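For reference, chains read A, B, C, D, E and F in written order, and residue numbers begin at 1 within each chain.
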């Protein structure tokens, strides 16, 4: 009876990544319902079994084999030294699509200019292992203490420097702190246990999942664009569209016009629409997308 | 002067169905604004006059002719014995698209195994008539008392069993209750008074409404899919698409490719996209829909 | 070094117009983030520099040249006598797409029937200049006092009449007030300083912005519609579609059918879909749009 | 083993009376905690067992003996014809200390002037029995239908009159409704089952409860007042204090002064303090009370 | 018929002072209910008629005689040049009992050191008149423009300096602004029209009101303290209590002890209790007060 | 210059204990304001300097001397092995006055009956050190892993047992978990560094603080009671009052009555008031207390 094999056990991150992760799965076609006791979300795919866990712990439980795979930050995989296989990066985050960074931070007016200046000092951080490795790699000896949170208020009173996470750096600037160095860029990764990665069915299931998740991720910044173009201008219109792949050009009843349809980055629409208009395109329509799979 | 005939008076349900009903009308193209005194919502269709009423009462007021038609649960139409004509079922609900069920419920550890075991017992419910008919049909005599709410806490202390509503049964399980039998499945229905159903203009207006509401309901679980396909693979690609109706195949400028566009269940996308890719489809794009009318 | 020229400084209105304005920019393709100190929103276009200011003050700061351009209500431009150039009207508002109106209001039972009856009376308003000009134009002398807010409660106890803003008039009716006259219809306008309007790069940038904003505004009430039509019915189907411009008609693999696609007002969909069905259209699909540029 | 007798099972009303009831018990010295499954609140008195039930149902369950006693509105006891013993009135309500009233209501412009004018009409109400008795007592025959809520919007469209609850009448006036007659004044009552009232321990326990509840109720509108008074003015000061009972007059170290302390209605403080000052009282201090037991 | 005289029309400030003002009245013994249309609050004193108005406007309406009296900030009385009689200062504010201050503010790094440096500059403020008078008194000519709000963001970009309100200055520091000078300290005042102040009944009514309001204000920072003291230590205990007036000393049944009771500043309790203990006081109890009238 | 000595640096716990701690200080007479950047609350005592830190970290920072003293849970002091001096226990908690307990927990249906059964198993906990010591003391070898939170969901899937915190045990029961053993009872403690405890001024300051905090804590469950008693009943009345210390008995003007005043547990009021009444006491008044210092 091979049925038990047909379940993929997947860990999803609680906390700041939870909402964007559920949103991403929804766009990928998976409806996840988190009930009040939020540890076991239900999902409308009977081949998946979900667990909602702290991002810090997912790597460990994938490594130990309690989970087949999981989505969690690259930072915590490294911090915990989890021995897992990275299936793919998934570059999304709570607010933006920037990666988060782990940075070495001191007060604006601190004498510390480089990591070397921390010799013999005290550093607070949630990522003790990452920080110790970083100091060792730089030949610096310093005391590293675990911070239970609100790390940024501890400097300079309690410690000389901190290693903390930031997205845009603006909160650090507001607190009059200065970034000395970047230890790591982090973003979500889809990771698998070594065992699951060798199981054919699980590998296949993970690849399908990743295909759909990346299709949904891709679509977040893409839009569909269609327009009617005078047949004789077609060449120039096509030339001005981004060339990822050639647009769909359909013949129309009226032979003097053709219909052109393409998918482009939302960010370039504002540049391209004025150009299209000046080339004679009419009835330009932009519409939203759910998924884009190349 | 035939003008008075050109108004359709429609009752909409307050309470848990209110938001999903207004949402459904919005997707169907009707913008309804519920002001603070919420009994008479306004709508951007001068042929409609809306009343917002308790689901329990809509059947009665349609039956009496105060309303031409209404949307309410099948359960309350039956409970009140309202003499109305069902125009169509509209299968939506507050949270899911499951029907709600009226179930006979006892504590997990109750000796009651079937309805027969309730002879001489006491039952609390909001649906007294429905429960009495059900007991009579099963040849059981028991005391049925009206419950003003929070019915599930009354068993076993106040009564031996309850007849209550459930969607998924999970809240019953959490309260350590057991379902003995299902009395009725319920879902919203669009009902008309006998008189309105015979009036040609009103009948026509109701049918148009229902066409648009069902179009919007259908679209909730559908998406549009388009892709470019090598002409020689077209046959196989079409074969793998669900066959509700044949997809739209457009010729392209490049004769080696065709554009294929179709509408499919969102739930099947995650199965089909990997297949399409393996058949050579490119530039697969999924986009959202507002309405689907066959 | 011509770089300083490549910045357009744009003022956006705080308060009731803030959310719809940010929403409009988002649909136009500009992502604006308002941080906690909300005066300088950031935007993902390095050629734009934004300021978030009270609608009342934007005209003044454009006039003075502190801003190149801004979006604010026509009313405040007139009230402040700001000497600016109107690039375009943008007809949106907080709740609806109606314009707001400045109206002369008295209690239901006031003897005042026309503005002439206000001779020697007292009027409270937030728009003192506009009211004074209006009275002068009507040859009426009356005392006009500045109201800091909650103007409608002051009549009849504190003053004989007020000049206040309204969208639908329903709040006035609820307060048993009567509109005597309308002083001005107002809606947002995109205005430029005289200097910026003469600068070629800024003029071009503003026109591109306006093109995209109007494309987004237009799309709010439009939807895309596509369907398959029996070739022999095409003429009749096309005739029943609104004629803004001819729909896109694509040939299909099956020659007995053609695909028709068009963009129409959402409000007309509910009339047209039943007609299309009766003309033999099949697979009618409605989808949402982000932008429509003619 | 007589222990089971030492439990008093008390029903408390859910809904609008819940918060003021819990607040009243807290002031009376009983801390009640309502957990998430709110049917069985816990209380720091091991002789009490609480049930939280709809006000409409408490009379029935006391009558049937499932509860020894309960607090609920007089209206629902009458409406349900519950055969219980009234231990005491407790005059508090959600917002004020006015009683609520059940009133017969028609639109402002209705021709109905007295209950007699309702012959042959239709009336909606949540209190069907109360209304039928009232009509019978007045020799009027009319159709009475149960209303599931929002009763006030049904007149005049659905019914000719309603019987509804009101505290101040202001909401009725705002809805342009007119009170024709008052059917009943209602306020909370502490009621006991006939059986419990005959049980000596339970009777004693209920009387202690009522003593403390009334002590807390009394204190809501009382304050303590103390002051120093010149001995020779004592007579006059005492004369000006409300005479419920004579104030506590303490001798002081200095024989020319005495200390006077009393408990008075908060509402009279603002009248009495100026008088006391003019009579020479000094160091007047007002302090809050928890309970007042005469 | 002298009855119309027996009404005092009192204006109360909306906005940030509204809640502390209503709270103060409640402690003074007046229950004010602000209904949804908040202009005419009701109060349980039939001799009072309340109006809730913007603080900026109350002085004007008292001056004009529409109100007999009002509570509003000293700043707005001065700004509007209202010709009213100040009955008393009432030193409370939204958050603290500090006065608010109107200050001249520039950016931290501005060259402006004193008001003199503003010659020929531009200043934004909500208090245009106050600022103009201040500049004139200092012999400085500068442009003063009315700011509709969010004044602090306008410097240095739009204007060179601002005149704005502050309580603690901390928000200014956070915005990197510097206070150059203080134009005025402000706090609420109870003001009367000249006419009302000459009316005997109204004058008397206002004085009673003020007595009770000040009694309540005083009590906010006072507590009652009572203790038993060995008779032989009485002298020393009394000496250590603040001497506003001599404490109440009561004889006790046991002649070796006396009871001492007094009212002291809450802020001094933490200093005094340890002293009292060391002097032999026992059973020290602190209790809250509602009003303190000397 | 001895001034620097006159500052006591005190750490307060963030999180679930924050609100009750600030509330306790307020009742003790210290007003603490937590600004948006919440690390350095301000307090109206210039001899105190506050830091708001995670409860887990306060012991460490007191031990290291960054803080003179702090309030934190006994559990974290033990867990971190902080070398501090306990000044006093302060028995309060977020919801109740029960201590919190660290308990060893397994699923209801686990075979684990005692700690001995955990040999070779895996345990998750936030208190790794405490758990390791406990296991060692019981001669059990098991794997202990740090849990980042939501520990209770990990059993039985991820681990065999957990060590977690509970107040009432009800959440454990709801999750179908069973308590095997209690590792520690915890409650807040006021701890001092060894250095600060030897500094005379700091020691004195801490003792005053503790006196006031305990006075406020004591008053939470006490009330004042006063009544008039017939002189001849005095003996019996006094006998029925709890005997902590003798009540204050004052002579009255009328020699047949005496005034009796005492402080008792709020929980006993409901027993005593009926007794007092039956002994002839009149005008019984209960009033709230802020502090009680014996």
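Going forward, a residue touches a chain if its C-beta (ideal position, glycine included) is under 8 Å from a C-beta of that chain, and two chains touch if they have at least 3 such contacts.
A quick note: this is a predicted structure, and the numbers were derived from the prediction, not measured.
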Checklist line | Residue-number overlap at the subunit A/subunit B interface, same or different (half cut) | finding: different
Notebook entry, point to check: What angle of turn lays subunit C on top of subunit D when you fit their CA atoms, given in steps of 5 degrees?
Noted result: 180
Next item on the list: Report the chain whose mean Cα position is at the greatest distance from that of subunit F.
Entry: C
Checklist line | Option in A-F, C-E or A-C whose residue-number contact pairs overlap D-F by over half | finding: A-C
Next item on the list: Determine which of the two chain pairs, B-C or C-E, is joined by the larger number of C-beta pairs in contact.
Entry: B-C
Next item on the list: Report, in whole Å, the distance between the mean C-alpha point of subunit A and the mean C-alpha point of subunit E.
Entry: 53
Margin query: Please tell me the distance, in whole Å, between the geometric centres of subunit D and subunit E computed from their C-alpha atoms.
Written below: 37
Next item on the list: Express in whole angstrom the distance between the two chain centres, defined as the mean CA positions of subunit A and subunit D.
Entry: 59
Next item on the list: Send over the residues of subunit C in touch with two or more other chains.
Entry: 250-251, 287-288
Check: Got a list of which chains touch which?
Finding: A-B, A-C, A-F, B-C, B-D, C-E, D-E, D-F, E-F
Checklist line | Complex interface listing, subunit D residues touching subunit F | finding: 28-30, 35, 44-45, 208, 211-212, 215, 219, 224, 234, 245-246, 248-251, 258, 261, 263, 287-294
Item checked: subunit A to subunit F touching residues, read off their complex -> 14, 37, 39-40, 51, 53-54, 56-57, 60-61, 66, 145, 147-150, 153, 157-158, 175
Next item on the list: Mind listing the subunit F positions that touch subunit D in their complex?
Entry: 170, 223, 226, 228, 250-254, 259, 266-267, 269-270, 273-274, 277, 282-288
